[in-house]
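Look at the two complexes coming up: chain A is in both, with chain B in one and chain C in the other.
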Partner chain A sequence: MQLSSVEFLLFVALSVVAFRLAPRRWRPDVLLVASYIFYCTWNPGMAVALLAITVICYYAALYIESSRGRPLAPRLTLVVVAALILYIVAFKARAMLYPGVSLAIPLGISYYTFRLISYLLDVYWGTVPAERSLVPFAAYVAFFPQMMAGPIERASSFLPQFEAEGNPWRGKTFEGATCILLGFFKKFVVADNLALIVDYGYRHLDSGSSLPNILSFYLYPLQLYADFSGLADIALGIGLLFGLKGPENFNAPFSASSISEYWRRWHMTLTSWLRDYVFMPLRMATRHWGTAGLVVSVVANMMLIALWHGFTLGFIVFGLVNATFLVVDVLTSTRRQKFWRRHPGLLTAGTVVGMLATYHIVSLSETFFRAPSFADAAHLLDGLAAGFGDLGGAFAAVTAPPNHHAWVALPAYVLTEIADAVRRKKGMSLPAGIPRWVQWSAVTCVAVACVFMSLLFLARQTGTNPFVYANF
Partner chain B sequence: MDEAIQHRLTDIFRTVFDESDLQLTRDMTAADVPAWDSLSHITLIVAVEREFGIRFTTAEVAALMNVGDLADLVQKKLS
Partner chain C sequence: MRIFKDLISVATVAVLFVALLEGGMRLAGVRYEYSFFESDPVIYTTYRPNADGWEVKEGENRVRINSLGMRDRERTIVPAAGTTRIALLGDSLVAATQVPLEKTMAQVLERTLNNSLGQAGQSFEVLNFAQGGSTLAQQYLMLRNRVWDFEPQIVMVFVSPISVPTCSRRLDTVAAPKPFYLIRDGRLVPDPRSHAPASASEEVRRRNGKLKNLMNQFRLLLLLRQAIGEGVEKIEKLESEIGAIAKGASAEAETDDDERYVYPVDIWFRPHASAEVEQAWQVAEGLLGRIAEEARQHGAELWLASIGTEVQENPDVAERTAYLAAHGYQEIAYSEGRFEVLARRESIPYLGMSHRMLDYAERNRVSVRGFFNTGPNRGHWNEVGNAAAAGIVIDELLERSAVIRRARIKSLQAHRNIPDR
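Here is the complex of A and B:
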């Protein structure tokens, strides 16, 4: 079932109605059934694997909790977590070893294994209690909106929402629908149009002009962001339709003035996951090594983020570029902070320069992320300095059909940034106390937009680009 | 919070986060101190270990939710 299909929208609508009509104690069951139906439409065999892993982790957590303080607890935690890591590594490595062959990688494997690992470690550390009932736990692991591209929600934030009193549908349905609309807008208006320009650049690496290379270099981070954050908004929106609030995955990443700040604002549920379960334990283990311990932890953490995407040379270089700048960043952090404290007048200029530098580092690293091969990435970077030659001709070529309407992506991108800024500040729900006619107008607009979106999906059944992060 | 422990912790916090007028409260968290991030957290932990001559485990550090938890843990280790 494709995300941008009428079938999927109908499936979501039916699941939400069933969930809302069911008595509260049955709601986890409804959600579990819906999630497994969704998973089975993709691959029934892998759904069985998901169920088996869920049941194993459920019982393992109960054993870990009851044997806390005895040697069994750390051993069992280690064995199950290692098995989960091996499971994900095996599938990702298989994809690397047989690149041409279409091999089924379980949908959402990176997301649900990370959810399970964090749950087991939290239970082992005693920061969350083990879940007593299997159904809500299995519904958490298989929650279908978060299966495609996360976010990697923690059990401690998801599970209590089942128990919470009341679940008003009106406000959350409006908020959810708005989030979904924003997500599809980011995907179809911003990301897919930017993809036309970026792809054009990658097809014309040797055009004799730097223009296509420059456009691909600078626009790909925006494309990836619109694509990935659009998918995150859709997941968040569908969750809200069920009355379940998921974590935000982005916080204006391009406003970051350093690469470490960028990584605190980008794919936040993955980076905070790694901070808690990889970086902090590693830093604790290396805390007496001085600077070497810090460097080892930063590099290992960044390389894990890179390899999480897959075991290819492109992702490795993507990780190495980021790791290099992250190490420079953390090693100079104290000195920079002291400098800014002594020269507060320069802070604004420094922030702007920092933002520009960070964007360039991101563009550079994501060139290796996007390019089909290392040679293509090198080629693109080489071409940045090729000179402009016939600039008018190059511009005419890049704006010729089918790219002629692609430029709408740039003002549309600005609109999404404004929408996100409003959402961060005030949320997506209707403010209380506004006149009734304004409320109804807003609800009508969102409802009409949803109908319009469904009609668009019907019209463009074929040829939609897959979401980039649906592959991980 | 034990007063002697609080006094020594305050000194450590002020040095690590470079804030000379920082006042500790039991419910203070990383969100309340701008310089308190995952990097400086370990610097803080190492400084506390050195000051009191104790060792923390990863699980103990992971379970800390606020300054009060840290003070209690230090007290538990010392007793």
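Here is the complex of A and C:
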């Protein structure tokens, strides 16, 4: 089932209605059934695998909890976590070993295995109790809005929401619908239009002008962000329709003035997951090594982020570029802070320069993320300094069909940034105490926009670009 | 009272929001299929006079239909003295709504003829009566009921791969109302199941036309129209799938079989043992015979030209060969050969265009079909294809048309200052 289809919207609507009408104790069951129906429309065989893994982890967690303090608990944790890692690595490595062969990789494998690993480790460490009931646990693992692109939500924040009292349906429905609309806007207006320009650049690396290379280099991070955050917004929005609030995955990443700050703002659920389950344990284990230990932890953490996307040379270089700059950032952090304390007047200028430098680092690393091959990435970077030659001709070529309408993505991107800023500051729900006509106007606009979106999906005759992060 | 005020406020905001969506769609360049057609009591569906909109499926082109319902510039019904008129009949390939009017085959043809043979007291007009989706039956009715009013000296009928399947109610895949004919006792007769749309008064037609033109001005309304169309199609597909499952048959297998059977390219490339296809061919030949008879009665020179499929004009040898091999096509000139035999039988000049178009594409290393949103060598003729087609037609007319020969002699005489006897 395609995310941007009327079928999917109808499926969501029906699931939400069934969920809301069901008595509270049956809601996890409804959600579980809906999630597995969604998963089966993609690949029934993989749904069986998901169910099997879920059941194994459920019982393993119960056993780990009951045998805490005994030697069996760490051994069992280690075995199950290792098996989960092997499971994800096997699928990702298979894709790398047979690049030309179309192999089915379980939908959302990167997301649900990480959810299960964190759950097992949390149970082992005693930070969360093992879930007693299989159905809510299975619904957490298979929660369909988060299957496509996360976020990687922890059991400790998801499961208690089933038990939460009250019925904040109206507020959350408005907020959810708004998030979904914003997500689709990011995808179809911003990301897909930017993709046209970026793809044009990659198709014209030898045009003799730097313009296509420059456009691809600078616009790809915006495209990726709009695409990924759009998908995250849709997942968040659908979750809210069920009354389940998921974690935010982004926090204005391009406002970061250093690469380490950028990684604290980008794909936050993955980076916080790795911080808690990889970086911190590793840092503790290497704390006696001093700076070398820090460097090892940073590099290992970053390389895991890179390899989480897949085992390709492009992702490895993406990881290495980021790791290099992260190490430089971490090692110079104290000195830079001292410098800013001594020169507070330069702080604003320094922040702006930091933002620009960070954006360039991100663009550089994501060139390897996007390029079809390492050679293409090198080619694009090489072409950045090729000169502009016939700038008028190059500009006319890049603005010719099919790119002629694509430039609307840039003002649209600014709008999404404004919407996100408002959301971060005030949320998407209707503030209390506003006049009734404003409330109803807002609801009407969202309803009209939802109908509009459905019509767009229905009228579309050709397929759309898939979401980039739906591949992971 | 307060509720009333609230309602007005909400309605105002909703209207403003809809206007904002309309503006957003315009800004983003979102366009949907425009409406250019209207019902006609004789031809069933024709271009709507003065229809104005955009072709967006292939390329992106502003289309204006003239006041006489033609994809053409404004024309007078009665020709000016000394004007030689050529009427073109065909489907969307000749109507060429995908390219600007001045770059259509008809316009290029007219310009070239006037530039090479035109002089004081002698001019050429190429009238484009072709319409998107027009069938041979509609072209015949168009010729009989409209074209002769314009007094053309030459009529060119362009057949294409849809010409034969659309002669059969069963093989035709497009749901739009259209006339069908049958062969009964060796004679071509109208299919009694065909029911022409009711005749509307001029006032109603004008009002409907205005409404449709107004609809063409709003992207949201076009979106709504397309969404409803697509939605109905999806529901019908779902119904047929459910029906097939209920019958215990595989819906997929049934669809595949149907597609193989009606596939226009398949019918175009090879003879079919199927009675349905053979009947369609007989109807097509019968209609062309009627068209030839009409031309004879009106003393016009009739030409039959056949336009091939996209693969026949694809200059990429590897792609072409792979396609033909994949579908098992060995000999691909079946339809063109059959049309040529028919033309010989009716004593009318025949022009097979596909190999000439391919030759042009290969020689100049260009794609004669395809647009930015279709990819190369896909769909209809692009500007290059229209220009190439015009060139091919001109060459043939100059060489073989008696009407053009006379005009040429006249032109030569004028150039040499020889008084006309």
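By definition in this document, the second predicted complex is superposed on the first by the 471 of 472 C-alpha atoms of A that agree within 3 Å, B and C clash if a C-alpha of one lies under 4 Å from a C-alpha of the other, contacts with A are read in each partner's own complex, and residues count from 1 in each chain.
To be clear about the criterion, a contact is a pair of C-beta atoms (placed from the backbone, for glycine too) under 8 Å apart; a residue touches a chain by one contact, two chains touch by 3 or more.
In this text the structure is predicted, and so the values were computed from the model without any measurement.
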Simultaneous placement of chain C and chain B on chain A, clash or fit: fit
Winner by number of chain A residues touched, once chain B and chain C are compared: C
Inter-chain angle, chain B to chain C through the CA centre of chain A, in degrees rounded to a multiple of 10: 170
Partner chain in contact with A:Pro402 - chain B first, chain C second, else both or neither: second
Which superposed partner A:Arg24 touches (first chain B, second chain C, both, neither): neither
First, second, both or neither for A:Asp276, with chain B first and chain C second: first
Which superposed partner A:Arg203 touches (first chain B, second chain C, both, neither): neither
Per-pair minimum CA distance [chain C against chain B, superposed on A] in Å: 41
Sites on chain A touched by chain C in the complex: 6, 189, 193, 400-402, 404-405, 408, 412, 436-437, 440-441, 444-445, 448-449, 452, 454-456, 458-461
Chain A partner contacts - residues on chain C that touch it in the complex: 5-6, 9-10, 13-14, 17-18, 21, 27-30, 32, 59-60, 220, 223-224, 226-227, 230-231, 234, 371-373
In the complex, chain A residues that touch chain B: 124-127, 275-276, 279-281, 283-285, 287-288, 294, 330, 333, 337
Of chain B, residues touching chain A in the complex: 18, 35, 38-39, 41-42, 45-46, 56-59, 61-63
